[in-house]
Amino acid sequence: MSAVKQFIPLFDRILVSRAVAAAKTKGGIMLPESSQKKLNEGVVVSCGPGAVDADGDVIPVSVSVGDKVLLPEYGGTKLNLDDEEYLLIRDSEILGKFVKVTSE
Amino acid sequence: MSAVKQFIPLFDRILVSRAVAAAKTKGGIMLPESSQKKLNEGVVVSCGPGAVDADGDVIPVSVSVGDKVLLPEYGGTKLNLDDEEYLLIRDSEILGKFVKVTSE
Amino acid sequence: MSAVKQFIPLFDRILVSRAVAAAKTKGGIMLPESSQKKLNEGVVVSCGPGAVDADGDVIPVSVSVGDKVLLPEYGGTKLNLDDEEYLLIRDSEILGKFVKVTSE
Amino acid sequence: MSAVKQFIPLFDRILVSRAVAAAKTKGGIMLPESSQKKLNEGVVVSCGPGAVDADGDVIPVSVSVGDKVLLPEYGGTKLNLDDEEYLLIRDSEILGKFVKVTSE
Amino acid sequence: MSAVKQFIPLFDRILVSRAVAAAKTKGGIMLPESSQKKLNEGVVVSCGPGAVDADGDVIPVSVSVGDKVLLPEYGGTKLNLDDEEYLLIRDSEILGKFVKVTSE
Amino acid sequence: MSAVKQFIPLFDRILVSRAVAAAKTKGGIMLPESSQKKLNEGVVVSCGPGAVDADGDVIPVSVSVGDKVLLPEYGGTKLNLDDEEYLLIRDSEILGKFVKVTSE
Amino acid sequence: MSAVKQFIPLFDRILVSRAVAAAKTKGGIMLPESSQKKLNEGVVVSCGPGAVDADGDVIPVSVSVGDKVLLPEYGGTKLNLDDEEYLLIRDSEILGKFVKVTSE
C-alpha cells in the first residue's frame, strides 16, 4: 500500500487540467511553439463540495470529474501541483461542457 | 453510429448563432461588405439549465432552442466552435424574442 | 391568413413607442423642427412577463399594453423594429402612468 | 362629465408639489427674488403603490396624499406636468413629515 | 387649544438635538468660542417607526425619545426646524447611548 | 447611592479598552516611549445587543465583557470617555479572543 | 497545573501556520536563503465557529485542526503570536486541502 497526497478544492472551486493545442496539424505538419497556445478547454480533475447558499445549505457543483469543459479567456488561479499545471476556477465561471451525442 | 461533440452551456448561459445581414437589398442590389454588419438578431442553439436562486433552486431559462432573439449591442462572449462563430450570453441579457402571430 | 413577426420583451422589459411633440401650437402655428423634441411620454406596446424574485417566482410588471407612461430623461435601449423607433426599458425605470379621471 | 389626465407614480415613487418661500417677511417687507428659494418642504400630491420586496410582495409607502413632508437637499426628479413643477422622489428618500399636534 | 407643527422622521431616521460644550470650565473660567465645538453627544427628540426588512416588516429603532446618545464624527443631515439646529441620522449610525447606573 | 453615566454601544458594536505595551522588558530595563506602541490586544468593556438580520431578528455578539481580544491593525472608532481612550469596533471586525487553557 | 493563553479566531476565520520550504534539495544540497520562500501551504492550527448566515445561524467552517491546506497568493492577516508567525484567513479564501489517499 502506498499513500498519495491528493488536492481537494473547497466550496465551489473546480480543479481543471488544461488541454494543450496539438503540436501538429491534422495533416501532420509541425506547428511552431508560439501557436501551441493553451486552448480554453480542459478536463475536470477534482471538484469542491459546492458553494453555501443564504441559508447555509450546500449547492452542489454542476460539473463532475472527467467532464470536458470550456473555460473563459480570463479568471481562475494557476496552480502547480507535483510539477503539473492546473487551473482552479469557480463552478459558476465555467462556460459550459462538451458532451458526446451519438447519432444513427 | 457516429459520435458528435456537442457544447452545453452551464447555469443561465445561452448559445446563440447570430444572423448575418442579407447580402442584397429586397430589390436584389448587392450590398457592400461593410454594410453586412452583424444584426443584433440570432437563433438559440443551446441552453443552460438555468441560474441558481438564493435557496439553491434552479430557475429555468426563458428561451428555448430555435427561438429567434434580439441581442443587446454589447455583452456576451464570442465563441468559435468547429469554425462557426457563436455568442454565449446570459438569459437575463437577451432583450426579447420574435414570435409569429397569424392574423385572419 | 398572414403571419406577422411580433417582438416580445423578456423578464421585466417594456416596449414603449414614444410620443412625438405636436408640430403645431394649439393655436395652429407651425413649430420649428428643433422644438419637436421627443416628449418623455409614450405608449406601452408590449410587456415582458416580469422579473424573477429571489425565490425564482415571476413578479408581474406594473404596466399594461396601451398604458400612457412617463419615461425618465435617460435609460432604456433604443430599438428600431420594422423602421419604427421604440424604447425598451425596465418596468422599474418607468416613472409613472397617466390615467383618465372623469369628474361630474 | 369631463375627463382629466392624472399622473400616478409607479412603485415607491411619490409626487410632491414643493412649497415656495413667502414673498414677504412676517412684517410684510417684500423679499428679493433670490431669497425666495425653494423650501425643502412640500405636499404629497400622488403616491405609487409601493416597492416590491424580495418575495415579490408590495411594501406600502409611508406617506399619504396631503401629507406635509420634508425633502432632502438633493435627489428626486423634477417634473413639469401641466405647467406645474413637481418633484418625483422615492418614499425612502423623504426625510420626514410634519403633523399637527394640538395642546390644551 | 393651540396646534403645533411637529416633525416626525420616516423609516429608521432619528432626530437628535446636539449638546453644546459648556461655555465655562468646571472652575468657572470662560472658554474661548473656538473650543465650544459641538460635542458628539445629543438627546433624541423624535424617532421614525423603523426600517423595513427584506420581507416588508418594520424593524423598530433601538433608541427612544429622551435617550442621551453618542454620535459619529461624520454622517447625518443637519436640519434647521423653527430656528433650532438638529441632526437627522439613521438609527444604525448612532454609536451608542449613555445610561445612568446607580451604585450603593 | 451615586449615579454613574455608563456607555452602551448599539447594534453589534463592542467597546474595547486597549492594552498598553509594558514600559519595561521582562528583565526590568526601561523601554523608550516610542516602543510603547499600542498593542493590538484589548479587553471588552461593553457590548451592544447585536446586529439585526434580514428578518429583523437580533444576532447576539460573539464576545462578552472581560474577554481578551485581538484587534485588527486598522478599523473601529477611537472614543474618549471620561478621559480614558477606548476603541469602538464591530463584533465582526474582532479577529479573535485569548482563552486560558490549563494543562496537567 | 499550568495555564496557557490560547488564541481562538472569531466567525469564519482560520489560524494557519505556514509551511517553510525545505532548506535543502532532496539530494541534500543547501538552498540559498532567497529560495526558501514561504510555500502557499500550511497546517490549520485553530478554527473559528463559522460565519453567520442571513437568518443568524452559524455555518460551520469547512476545515479542521490539523488539515494541510493550500493558501491563495494574497489575502489573510499576518499574526505574530508568542514569536511564531501565523496567517489568519477566512474559511472561504482557503483554496483547498490535501488528503492522503492510500492505493493497493
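Per-chain residue numbering starts at 1, and chain names A, B, C, D, E, F and G are given in the order in which the chains are listed.
Please note the rule applied: contacts are C-beta pairs under 8 Å (C-beta built on N, C-alpha and C of every residue); 3 or more make two chains touch, one makes a residue touch a chain.
This is a predicted model, so every value here is computed, not measured.
Engineer: Could you please state the distance in Å, as a whole number, between where the Cα atoms of chain B are centred and where those of chain G are centred?
Structural biologist: 46
Engineer: What is the distance, in whole Å, between the centres of chain A and chain E, each centre taken as the mean of its C-alpha atoms?
Structural biologist: Taking the average C-alpha coordinate of chain A and of chain E, the gap between them is 57 Å.
Engineer: Distance between chain A and chain B based on Cα centroids, please, to the nearest Å.
Structural biologist: Here the centre of chain B sits 26 Å away from the centre of chain A.
Engineer: Multi-chain contacts only, two chains or more: what residues does chain A have there?
Structural biologist: In chain A, the residues touching two or more other chains are 54-55.
Engineer: Quick one: do these chains touch in a line, a ring, a star, all-to-all (complete), or other?
Structural biologist: Contact pattern: a closed ring, each chain touching exactly two others.
Engineer: Would you mind giving the ring's chain order, read from chain D onward, with chain E coming straight after?
Structural biologist: Ring order, starting at chain D and heading to chain E first: D, E, F, G, A, B, C.
Engineer: Could you pull out which chain D residues touch chain C in their complex?
Structural biologist: Against chain C, chain D makes touches at 1-11, 13, 15, 46, 48-49, 52, 54-56, 77, 79, 88.
Engineer: Quick check: in the complex, which residue numbers of chain F touch chain G?
Structural biologist: Chain F reaches chain G through residues 53-55, 57-59, 62-63, 68, 70, 72-73, 91-92, 94-104.
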